[in-house]
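Worksheet: one structure, shown below.
Think of it as A, B and C in the order they're written, each chain with its own count starting at 1.
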Amino acid sequence: MTEGLVVKDLSISHGAVSAIHNLSFDIAPGELVALIGANGAGKTTLLRALSGLIAPQSGTATWHGTSIVKTKPEDLVRVGIVHVSEGKSVIPELTVRENLAIGGLWRRDKKDVLRATAESLELFPVLNERISQRADSLSGGERQMLAIARALISRPELLLLDEPSLGLAPLIVDQIFESLNTLRTHVGMTILLVEQNALGALKIADRGLILNLGNLVGSGPATELLHDPHLRSAYLGF
Amino acid sequence: MIINTLLIGVSSGAIYALMALALVLVWRSTRVVNFAQAGQAVLSTYIGYETMARTHNYWLSVPIAIFFGALLAAIVDVLFMRVLARRAQQGPIAEIAPVITTLGLLGLIHSLIGLIWGNTFVQYTSPLSGKGFTFGTHVIPFSPQNLLIVLTATGVMAIFAAIFTFTDLGLSLRAASFQPEIARLAGIKVDRVRTVGWAFAGATGAVAGVVITPTSYLSPNSLDLLLVTGFVAAVIGGLESLIGAVVGGVVLGIGFAFILQYIGPSVTFLAGFIILMVVQLVKPHGFFGHKTSRHA
Amino acid sequence: MVFSVTKRVAMHSARLTPLKRALLLAVFGLLLLLLSNQVDELRSYQGAQVAIYAIAISSIIVLTGFSGQISLGHGAVMAIGGYASALAFTLWNFPWEFALMFGTIVGTIFGCALGIASARLQGPYLAGTTLALAVGLPSLANQFKVLGGEQGISFDIGDAPAWLRQMVGGEFTQYKWFFWLATPVAIVTFWFITNLLQSNVGRSWRAARNHPVAAGLAGINVARAKILAFTVSSSLASLAGGLFAVMLGLVTPMAFPLSLSFLLVTGAVIAGVGNLAGIILGALVLVSIPELSGTLATYLGNSQKVTANLPGLVASLLLIVVVIFAPNGLRPTALWKAFRQFYK
């Protein structure tokens, strides 16, 4: 198909070590796909290749038919692909307001930027309280919310999220996953959600992909994966 | 007597402030201390000098020098610094490879100027008088040229402070310098933005050159000492802060003026060095800097 | 051929025990000295220059390559060594051997002080501070009469001692004497530094450079290691400065300009900043820059402007190209062939 994200035979190595091996999968527009796997499975590497931070050694990836490999990240943002990277996605030296503003700098339609900012603040009201504070004074959960809020201001069509729940309290994690669900349902955004928190991710996802040591070892509707006993013990831990 | 010394201090301080501003501008947009600044500034000044020699119009030579300064800086960034950044660096000098590159550029520009214009001193005259203002019978050591210098330093600082704080471009510059990867992921064209930052710095260096040089002489090395004093001023203010650069410059200028007056010329270098060391030990981020970790 | 043998000796000696290394280097050194009988004045002079540059470059390698601190002001440290030696010899009538030692000691003390002051500085701050030193220190000579001002202080150690001339025989010019003086010093220094780098001290330097936090936790006093590196580095640089003064016969502010500090960094980068064996390559390149520029100058018309500025242009271009494209040093085999053409 030419709609959505199509990844075919993607291989990425770090020097001599192969991180992703001949990976192929599709994501249809509007789907929320959870990519789960243990540490070192290659999930972050995959996202970094999809957002243009690194170049794959071989294979293709297209979004709505246009190739997205070997393109600079800032150009991909203009195509609608936004990557919220793991752990470090806000600029600590800038205020919350400035961090949000950064998401809209590249856009011409400044009125829509204002609208998008208001919507993001509705989704994560706590940011409003901290709007003038420096981002390094925010808690982990608030930073994650800020990162996602900023990403949304770019009005992404494809949102790549790298372990948004990492190191966060369960209550905050629930909040974040709720918002992701809302985005998918009400806005029709395509989301590729990379998570170690497989349970939480699969609960809101349409489909799941399981990555192990750079290879795709499982895929299917999320509900199926949740109930598969093998997978449960191997990856979901129960 | 004290007022005289103060005036001398303020006017030389404004000079240091201009150079410090140029260094801070590059630092704030690219996290590199550009030692080639002295070379770029002096080369731009030579262009101004050439223009002056042909047109005899100082006020025309100034904007031409400034434009050239911006252009030269942009070229340096695109030709050298971008290439450097693209090459994945490993090994003991990875962190300071940009600094060493700017050093090489400094030497390169020195030699180029020598090849084209020669190494002897030349005079770059300005229509403004170098003699102090006269109040009745009193001549103060502050001339119209000095006034131009002070006004320029203040003006440059104000313009860039406004740009950095209030404009989208300024925000892009800051974001790109703090966290280039995050800035890219937010859609900021980091490479382009950095070049703009360099162009700003190049223009500032050129301004410094053309307003300062009329007070002494022009030669390939004539701005080197200023580079060092500008660096000290920038460190005092904290490399992050434009206002700090100006304050640092003025404070340094006044300090030197008093030392010169009451102790003597032989100690100035030593004093400057001591000030540099003390500030770095006591306030590593300068008096106006934030407490950001240098590793972030 | 001499070069590749030298490099191989340097690399192999790095892997031996100190004793074996000493023997290997002694034999090698003897060969070099005997070789000097076969070459002309100019080569002797250049050979001495290479030896001195090798010592100076090793000072940068110890500091930057092994303990991760940058100095843009080692030309000034050389100046301190040179001036201290010259003062001791001319003003206080030390015998020249002791004058050189004195110069090195003064430089070492200075380096220790500088190291203490700089221990907490990093990256551009350290670079800027040492740059300040390079720009400002030589001008001190003009401020204090005793330092001789622009004319400088002479440091003429005279001809080779009689016993040496009798032993070696043949014509013993001044330049040959300098070569015979500088080369053993360089070899002994190299031996000493290689030992040091392989000892606990060297290990603590590497640890402090690569992982300062982990090193600290492992009980290595990172600050002390860095200061020691600065001290050793300054000893080397001031020794080189003293020998440099010997070669020139005098010290003046103009002998130690800002470009000297840049030249040392260039040599170290070409050598490969973490690679002690490369100092020969680095030194050779530095010494051949004036020759190269001279040849080029004839093509560009030998005007004063060209001859004065071309060496600087070549050196700067070299630095930029090497830092961008080969920051860990040059692989010499292909390059060496190119050099041969300019040499013969």
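Throughout what follows, a residue touches a chain if its C-beta (ideal position, glycine included) is under 8 Å from a C-beta of that chain, and two chains touch if they have at least 3 such contacts.
Keep in mind it's a predicted model, so treat the numbers as computed, not measured.
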| item | value |
| --- | --- |
| Chain closest to the middle, measuring from C-alpha centroids that were averaged per chain | B |
| Chain whose mean Cα position lies farthest from chain C | A |
| Rounded Å distance, chain A centre to chain B centre (Cα mean) | 43 |
| Between chain C and chain B, distance of the C-alpha-averaged centres to the nearest whole Å | 32 |
| Euclidean distance of C-alpha centroids - chain A vs chain C, Å | 54 |
| Chain B-touching residues of chain A, taken from the complex the two chains share | 51-53, 72-74, 77-78, 82-85, 88-94, 98, 101-103, 105-107, 150-151, 154 |
| Chain B partner contacts - residues on chain C that touch it in the complex | 64-66, 68, 70, 72, 117, 120-125, 127-129, 131-133, 135-137, 139-140, 143-144, 209, 258-259, 262, 265-266, 269, 273-274, 304-306, 308-310, 312-313, 315-317, 319-320, 323-325, 327-328 |
| Chain B - residues contacting chain C, complex | 27, 32-33, 35, 80, 83-84, 87, 89-97, 99-101, 103-108, 110-112, 114-116, 118-119, 221, 224-225, 227-228, 231-232, 235, 239, 265-266, 269-270, 272-273, 276-277, 280-281, 284, 294 |
| Residues of chain B touching chain A in the complex | 168, 171-172, 174-175, 178-179, 181-190, 290, 292, 296 |
